[in-house]
Amino acid sequence: MEGSELTHLRSDGTAHMVDVSAKAVTARVAEARGRVLLSAKAIEALRSGKVPKGDALAVARIAGIQAAKRTPDLVPLAHPVAVHAVSVDLTVQDDGVDISAEVRTADRTGIEMEALTCVTVAALALIDMVKAVDKHGRITDVRVTAKSGGRSGDWREDEQ
Amino acid sequence: MEGSELTHLRSDGTAHMVDVSAKAVTARVAEARGRVLLSAKAIEALRSGKVPKGDALAVARIAGIQAAKRTPDLVPLAHPVAVHAVSVDLTVQDDGVDISAEVRTADRTGIEMEALTCVTVAALALIDMVKAVDKHGRITDVRVTAKSGGRSGDWREDEQ
Amino acid sequence: MEGSELTHLRSDGTAHMVDVSAKAVTARVAEARGRVLLSAKAIEALRSGKVPKGDALAVARIAGIQAAKRTPDLVPLAHPVAVHAVSVDLTVQDDGVDISAEVRTADRTGIEMEALTCVTVAALALIDMVKAVDKHGRITDVRVTAKSGGRSGDWREDEQ
Amino acid sequence: MEGSELTHLRSDGTAHMVDVSAKAVTARVAEARGRVLLSAKAIEALRSGKVPKGDALAVARIAGIQAAKRTPDLVPLAHPVAVHAVSVDLTVQDDGVDISAEVRTADRTGIEMEALTCVTVAALALIDMVKAVDKHGRITDVRVTAKSGGRSGDWREDEQ
Amino acid sequence: MEGSELTHLRSDGTAHMVDVSAKAVTARVAEARGRVLLSAKAIEALRSGKVPKGDALAVARIAGIQAAKRTPDLVPLAHPVAVHAVSVDLTVQDDGVDISAEVRTADRTGIEMEALTCVTVAALALIDMVKAVDKHGRITDVRVTAKSGGRSGDWREDEQ
Amino acid sequence: MEGSELTHLRSDGTAHMVDVSAKAVTARVAEARGRVLLSAKAIEALRSGKVPKGDALAVARIAGIQAAKRTPDLVPLAHPVAVHAVSVDLTVQDDGVDISAEVRTADRTGIEMEALTCVTVAALALIDMVKAVDKHGRITDVRVTAKSGGRSGDWREDEQ
């Protein structure tokens, strides 16, 4: 097997940004999910307090939205994409917080990386918010859970 | 329990950046680890090829190092920190790639968030590199594994 | 009245980036204006000197142009927009500096936020330029003064 | 009067970043204030809704905090400063929203520009949040209201 | 001759970003080349070592690709462009390293500035990589070597 | 010779950011120079016009100053440095423009890379300013010309 199966590498193994200029502009959606495992004390802090949840989840949500826009700055070979919609949901569970993100565009390339970046940076921001009560937050199970649009067809994790 | 246990929130639940100006400048080290679970085909692509590994792991390594420097841009309430050293290690295993990062500083705040950001962005860049052969890379088990320096004492995961 | 009147908020009050992927690409123009009130001494410094105005106004102008391009990085829920033209005018008056900016695009969303961001960052840069002689510069009356293109029709402040 | 009174300009009128390397590291605080004038309808939207205030003010607050950290990126001749604390307060009044920000550092230069940048970008984000119900939000009266630390002594607007 | 021949300047000499919103979206390619002159010791370090070339050239390559995407952030009057492809080649010669970059887009403006930015930042990163053995790396002969697409016709340096 | 002579590479050839946390904070200065070769027509445009030089050189100067601050964002393994002073000089000659930059800091690492980045980005911005009259601007002879401070001693090109 050649390194060239990895399309971001040329035949000599060096990285490049692949050409998408001839690809069609089509509507594309990607959804990603992940979890942040937290201690009971951290969950309690997120659930109670005078102002339920306060800004803690808002900070994570906003960090995720902003990170989706900065994906090409973070992921070296990612193409700049016109991010047209981002929503992030954080659901506090007994042992952690579920994070899901949906990103939409009408552009030449998929936006799975934007959805994954959104979830992981929201997770980082959440860990930062609760670190005074839990220094051992753990990010886990971050993956693409659905995509539609583009050449490779639609797919949903829960229909597999 | 009040929201104010989350030090990034004030007593009314609103977010702020906590004051560290009076904290001492001390040498600090943080280490974080995580994994990217990949298909056998993706692992094979990373292991073989004309140029063993080519730029694939280098791209992830560099993305991680750069992201450590950009942590305060990504994590809304993180303080700017003078990142003084970053190293990232990616080890290809049979079912995925282990990622570990060590970050050092001599500054007023801990750099655990920098280490976590380094690992997660390296993971995102790795998933981007192999997505042509595996659209289902999964980031998992990202957590701080060691820290030293600062007021709260030293700690290592494998000594617990 | 529900929070959902604020379109950046969902029905549960959480923020999201609204979907514009189905909106038409149309030519859009926005103009914003504002003022920086300055002391007589600062105005004199801007008006005289060996090199009339020197780089002082140029720095403000360029800061404004660059900020227009960075709007989605600064305003969390703003969409990335292809900024196609920016002009900034600074006019030194007896009690301050008038700033106006016109921004153009052919894209899916309005660019009023880009015009406002351009004016306010130009104002910040101007205050920075003169702060050695006037520590009390004051930014005032920053608002959208005209827009055209897009679904909501054309509008000009001075025709109201 | 020569252009050189503007310390950011050299004697020939060209801009430079002044040398602060020999200045002492001292604790410094700056406070800035401003207002966003809004329509009654926008104020009602901010005050009511299922989730009182929802994320609307949180988005502005977080945008302001992040902008404080990015001041040297926005204001061309501003020095990089280690921002050690930021707090932003938004108070909904009958005719608008009062915004105040306090920024702290232990560094070589003042952080008045960081405080002003924080208030203005929070104002921009707030206008963006309510623009669906009020396209004519107006930023006004943004100025430094207090500073302490550094060579030029302490000062408070309300003690003048 | 008037300053207005420089299209980035208005008739009064002030800078603006020219309007491209009415220009057609067409496929465009630009190629730039340059050299980094290095000492024999630095060349030997790049050529030998346990891992031939190691990450040294990869770091330069990736820095160049990322810089192409950041051109509008670096060059004040450059328009944001949807960078659709970037490749960078570094060839180690006896007295230095040849760098060439090819950038592609389907957009409203040329991408010669992106190609030049890619080569120069790759050159800066390369100098940084070898500075422990050669503090006197020199960037030279950076220029556009080919362009196609857009109104002004195709051109190749080696066909002149 | 081993790759490890390149201090940015570890013994296995992988890149890392070297640890400077134990280095002393000392005053450091670096100067870099370079040239942009331009056509007679471009030089004439820079020299004449209603407003001599207009904003053309100011844009390049400001771009260089801002780029110095962004060096760690552009050069992957560069440490964040507190840039304490930057000055850029552009001198129009008959066949091009000479650019020199001086950067100062009191920090743990040298700032030669900041000086080089300043010169090269100023050169890129200048080429962008004149490209309507000269598409073949050429950046040449960019190198460090002086440094002082730090462990490795002082050095000036013109004293060699």
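Think of it as A, B, C, D, E and F in the order they're written, each chain with its own count starting at 1.
Here is the rule we use: contacts are C-beta pairs under 8 Å (C-beta built on N, C-alpha and C of every residue); 3 or more make two chains touch, one makes a residue touch a chain.
The structure displayed is predicted, hence computed values, not measured ones.
Looking for a copy of the C-E interface in B-D, A-B or B-E, one arrives at B-D, which has over half of the same contact pairs by residue number.
Taking A-E and B-E together, the pair of chains sharing more C-beta contacts is A-E.
Between chain B and chain F the centroid-to-centroid distance comes to 31 Å (mean Cα coordinates, whole Å). Note: centroid distance chain B to chain C, computed from Cα atoms, is 36 Å. In this assembly, the C-alpha centroid of chain E lies 15 Å from the C-alpha centroid of chain F. Counting partner chains per residue, chain B shows two or more touched chains at residues 14-15, 55, 58-59, 61-62, 66, 70, 73, 76-77, 82. If the chains shown are joined wherever they touch, the resulting network has some other arrangement, not a path, ring, star or complete graph.
The full set of touching chain pairs reads A-B, A-C, A-D, A-E, B-D, B-E, B-F, C-D, C-E, C-F, D-F, E-F. Interface of chain F with chain D (complex): residues 27, 57-58, 61-62, 65-66, 68-70, 82-89, 104-106. Chain B meets chain A in the complex at residues 1-9, 11-15, 34, 44-46, 48-51, 53-56, 58-59, 62-63, 66-67, 70, 73-78, 112-113, 116-117, 120-121, 123-125, 127-133, 135-144, 152, 155.
The residues of chain E lying in touch with chain C in their complex are 10, 14-22, 72-73, 76-77, 79-80, 82, 108. On the side of chain E, the complex with chain B involves touching residues 55, 58-59, 61-62.
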